[in-house]
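After the structure tokens below, expect a handful of questions from me.
Chain lettering (A, B, C, D, E and F) follows the sequence in which the chains are written, and residue indices restart at 1 in each chain.
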Amino acid sequence: MGKSTTLDIVFTAPHPDDLEIGSGGTIASLVKQGYRVGMVHMTNGEPTPYGDPDTRMKEMRAAADVLGAQVCENLGLTNRVLMDGPEPRFALASVLRKYKPRVLVGIAGRTVAASPDHYQAQLITEATRFYSQLTKWNERFDDTEPHPIDHLVYRPIARSAGAGGFGAQFVVDITATIDQKIEAIACYKSQFPGERFRRLEHYVRSLAGYEGGGCGYEYGELFALPRPIGVTDPLALLGKWPVPSIVDRPRF
Amino acid sequence: MGKSTTLDIVFTAPHPDDLEIGSGGTIASLVKQGYRVGMVHMTNGEPTPYGDPDTRMKEMRAAADVLGAQVCENLGLTNRVLMDGPEPRFALASVLRKYKPRVLVGIAGRTVAASPDHYQAQLITEATRFYSQLTKWNERFDDTEPHPIDHLVYRPIARSAGAGGFGAQFVVDITATIDQKIEAIACYKSQFPGERFRRLEHYVRSLAGYEGGGCGYEYGELFALPRPIGVTDPLALLGKWPVPSIVDRPRF
Amino acid sequence: MGKSTTLDIVFTAPHPDDLEIGSGGTIASLVKQGYRVGMVHMTNGEPTPYGDPDTRMKEMRAAADVLGAQVCENLGLTNRVLMDGPEPRFALASVLRKYKPRVLVGIAGRTVAASPDHYQAQLITEATRFYSQLTKWNERFDDTEPHPIDHLVYRPIARSAGAGGFGAQFVVDITATIDQKIEAIACYKSQFPGERFRRLEHYVRSLAGYEGGGCGYEYGELFALPRPIGVTDPLALLGKWPVPSIVDRPRF
Amino acid sequence: MGKSTTLDIVFTAPHPDDLEIGSGGTIASLVKQGYRVGMVHMTNGEPTPYGDPDTRMKEMRAAADVLGAQVCENLGLTNRVLMDGPEPRFALASVLRKYKPRVLVGIAGRTVAASPDHYQAQLITEATRFYSQLTKWNERFDDTEPHPIDHLVYRPIARSAGAGGFGAQFVVDITATIDQKIEAIACYKSQFPGERFRRLEHYVRSLAGYEGGGCGYEYGELFALPRPIGVTDPLALLGKWPVPSIVDRPRF
Amino acid sequence: MGKSTTLDIVFTAPHPDDLEIGSGGTIASLVKQGYRVGMVHMTNGEPTPYGDPDTRMKEMRAAADVLGAQVCENLGLTNRVLMDGPEPRFALASVLRKYKPRVLVGIAGRTVAASPDHYQAQLITEATRFYSQLTKWNERFDDTEPHPIDHLVYRPIARSAGAGGFGAQFVVDITATIDQKIEAIACYKSQFPGERFRRLEHYVRSLAGYEGGGCGYEYGELFALPRPIGVTDPLALLGKWPVPSIVDRPRF
Amino acid sequence: MGKSTTLDIVFTAPHPDDLEIGSGGTIASLVKQGYRVGMVHMTNGEPTPYGDPDTRMKEMRAAADVLGAQVCENLGLTNRVLMDGPEPRFALASVLRKYKPRVLVGIAGRTVAASPDHYQAQLITEATRFYSQLTKWNERFDDTEPHPIDHLVYRPIARSAGAGGFGAQFVVDITATIDQKIEAIACYKSQFPGERFRRLEHYVRSLAGYEGGGCGYEYGELFALPRPIGVTDPLALLGKWPVPSIVDRPRF
């Protein structure tokens, strides 16, 4: 994996395994289509019951290899106590200014029954899209040049609080890469041993079947945009979406 | 299947196969737990591309047998042109006053890309819960006596418009009856031939995995109540819900 | 204007002038891009204070000519008392089965301070998308063949009740056709005499400036889809949208 | 009570006792302030378990007398089967065109556990505000002249479905008329005998204490507008509202 | 009051008097039913116009005695400047790991016209439910062992911003303990002198009458869960809720 | 411009030019009506591509002069890294306690595609309304006395996330001051050079035309209140709003 190349798109999340579980199918699909994709994990996700930092970093890199991401970085922020503020914004923006992606993907939603890091990561990601383009501040960002990012995309966490009010949602067909996604998650053996992996795989496949089903795909991943999509040719927008015939629809 | 007994709960929907797809796992589970369950289809669901009225009625009864429902009735209203109004309300309420269930379950949501019957069925069901208890109107209801129904429960159609703003939602664990649910759907051979059944089974299992996953179940079905739940002992309410340990949670 | 050709897209609304005010810029833009576009008005919109049926029909056709729509039809339903039900659904679906568009565009929203026809038109349009594909019912639709429509698109009425909960929204750039839109509205001289037209033009331009501004366009029209957009290549979806540089953004 | 005078404001609801329970305090307060107020009940509300049409009409008039309403009319539509459509709209609009109020108040919300008449009454009321101003249709409205109504105001039913998305809400201080409101409700002896009245009074006082409490009033009634309020002097708008000092606030 | 025993449930809020006003009836009811209940106040709530720290602490303990809570603790965080972050999370989680409750109850909502502490307390409480179960971090939590908490429950602040989108809501019947709740609030003489207490009691009784009324109780307190409730037997869930007969319903 | 006088209303926002773009028409209108108005900018808004601190301060004062604001202050907090917390709250509250306004206006909404300062400013403003009235803390506020502010008003940022759930919205007619507003924005030559100003003016006029149009004004600015408006005379509330006749309405 190279490190200083320009990327088309960067996915970010707080803990190694968040990206694979949330967006692994889309990452793999984009790589297959020839795009250059980066994965940026904010923390090492440790400590956890059965993990340790070295193992987790190895698992992270193995998962990125399975998905084919050209770049996989870790910001080294502290797990469990991630808080939005200038420093984590500088850290993430420096990476974005280095790789100059057109699109930044972050998670959305307050997982009130799980880690508070998720919502803080959303706030950090939103701010960082703005920071990436700021002028006269290069010293805050490892002397990188300003880089405006075209689009901020959310990966909403299913059933989380505060994920909503989006301008547009879209579902990426991951039927061809669902197995690759499961394989990438399986790299995190320290996190999902035995029966736990079986349960997670069942849930991840179910969620992908549900999210994809809304657009006629066998498996899909749902994303959201803060604003409506802008188009000149709306029929081209709709035409690219292979609507299933009535015979194939789940309900009618 | 007897016809004049008292029931604990009645499920209703416009077309034969709606109830099996939406609530089949819960119907089967309730029957197993010893409750008396009724299924009331509003129309015969025909015409459809490959079905005909006789075949559809046979499929409907076969599906009810698979689920074990004690009562399965069809109101004989007209498919495709179901409209809320006094007559369909009288028809449904007459059945409710005959079987005297404590709970009535209807579908919720405007399926803007599918049949308009679904939303009209929701309006009819809401009105009928009220009609069931009305006095001095027995002649409108086949001379049945007034019967107040304790609870109106919704089965929200996934991703439909207008399903929301509920007072409470709950998920029924259908892990033990998911196969029975699939078997009941399979009775509708005229509706889901070959590949179409394979796709539907995949979607139905995915949705059940997604809805169940929110409460730690392998498979579940989501329902909703128009008002908050009333309790004297909230710890008993929560205590009955076997929260998965951290090892079993999909995400943490 | 021919009458029996196949169309790419059909726009429908209850009263002549609704389509021009709501979607005129998009209709003109699609025609310019080579698509075949139909306009279907449900009623003649009369009586009104200064109009009469003959004049209104002439204005309707003149406006369609200004926009370049290949087909302009009027269902002849009764203004002011439009109610969702089988008959208006048959009337609209018959036209759709004749012209076989891939996309159907209807208005969305309950204009509680204006005509109740708008919300009824939404319900009729939603149902009609389903009716268009129904088999074994050709006699209800002037002996036309079933035609499945790929997409139902909404044109949400600004500030109306009940318009929301959409799966995705998009804005069509109408900068190049805003003047054509205003010209089409101006055809309705019986509806917008003198000062009234001046005020309406000001409001229509303001709304288009506001809706377009959200996507960096000088003028735009906002549309919505009931479901998320399905994509294989999300970067292509986003890449087609010319995000303005920071210098051109209204706020930063 | 005169019958052909002009009114300032008209309140409407489907069943005699709805208006008193929902808006009785505001009606009494407006009368005290010198406004001319009308109450228009759509049906006679019968049959009910302990009522009959003659008794209910007497109770209705007694309640209007307690509140001091200048006009109290009943449209004579049929209880329990109220459905939105041209005829009930003509009936209500004819009364509005006769009394020419500036403001029309209707209920809002789908009481899914109670009468379906409530939601149909909302749809009828919304449509009627539009019908009231229509020209060239006098014969549909008892030969009355068109009358534009300045404002449609909602009285949202607490906890009902579908009441929301308003442009503005306001609370009327009814501290001085809460007893009059209770007295008006007490006129409906056929509906609220003994213990039932005690429970209703408790609930009505609680709701008024809750709704008033949001604005620092001892008792209040909440209303809503479909659009934002238009003002030239926003400080005058806010200045008329006697905000309680910190010592009087329920929470701080 | 003992201090090191295991508890069934812990209620937490930022200022002494928040818990009594919000959840006092439920706390007293749970104690009566034999549960072990803890109250954890985050700050001493001072300074205020008429209070001082010593008096407020005495009032806090007197109120806990009135309600019968087995444990009453104060985290000693600073009033008026409460901010979510690692330190307050460690403080609250240490108490939870000591008492090992199955359920944690926190407030929900941004009181934009009152103290910013309320929303920060919500964020702290959400994070702490997660912190309570964390392994390999005992030194951050006074050397306590990890303790997974089954349920996070919210007490939504009436009319506050941001309280919504819950998975389920329930109302606890506090008819038998409303007087005890009022008595507990009355312990805070420094906060609610004379007329101010009279107004607060009126508002608190009104809110309890309103919230209870939605489920047929004379007085109730509303709570919410982030996720739907999981059940095996939905009829048992509904059966425990004594729905009032039609004669007792406030409206029908 | 004097500096120690009492003010009627204070508007606050993070960057010089935010207030002019968002509320310039209302500020100018209030001054014309004889009110004393203050503008409080939290930061100097620099660095930006073409600005510098001295220039920006001069532009800020020039803009305040154009609008006629009696007071224009800058808190000197740091642009781009504004974070809610005690210190910025103290800074803003000290100014409020000095000028003692009855009303405080802040921005609302998370501009996820722009500066994170906007949402932090909302949190700071909400907290500050509470801080302004706090007793026994004068030393934190430059030895100023407590001052309770009657109303917190929001200026929602169009299309921003999280702006919603308001108790009431109102639109101020700025038809008479729209040119003054544009002139004030034009003072910020460093921010909006050439073509950029032309585009901004187009968008600002469009937004004002859209927001005003909802209440029948040629140009307006939309504001929101966290709670419903309290009134004694609702007809006076509605009567002050000059509803346009049917001839002037954009749609009917």
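Points worth noting:
By definition in this document, a contact is a pair of C-beta atoms (placed from the backbone, for glycine too) under 8 Å apart; a residue touches a chain by one contact, two chains touch by 3 or more.
These numbers were taken from a predicted model, which means no experiment stands behind them.
Greatest centre-to-centre distance from chain E is found for C, with centres as Cα means.
With E-F and B-E as the two chain pairs, more C-beta contacts join B-E.
Mean C-alpha position of chain C lies 37 Å from that of chain F.
Residue positions of chain C touching 2 or more other chains: 49, 114-115, 130, 159, 167, 214, 227, 246. Those chain pairs judged to touch are A-B, A-C, A-E, A-F, B-C, B-D, B-E, C-D, C-F, D-E, D-F, E-F.
On chain B, the positions that touch chain D within their shared complex are 84-86, 89, 123, 126-127, 129-131, 134-137, 152, 165, 167, 226-227. The part of chain B that touches chain E in the complex is made up of residues 8-9, 26, 29-30, 33, 35, 102-103, 130, 133, 148, 150-151, 153, 167-173, 214-217, 220, 222-223, 227-243, 245-246, 252.
Considering their complex, residues 47-49, 80-81, 83, 110, 112-116, 159, 161-162, 164 of chain B touch chain C. The touching residues of chain A, counted against chain B in their complex, run 21, 49, 111, 114-115, 157-159, 195-196, 199-200, 202-210, 212-214, 218, 246-252.
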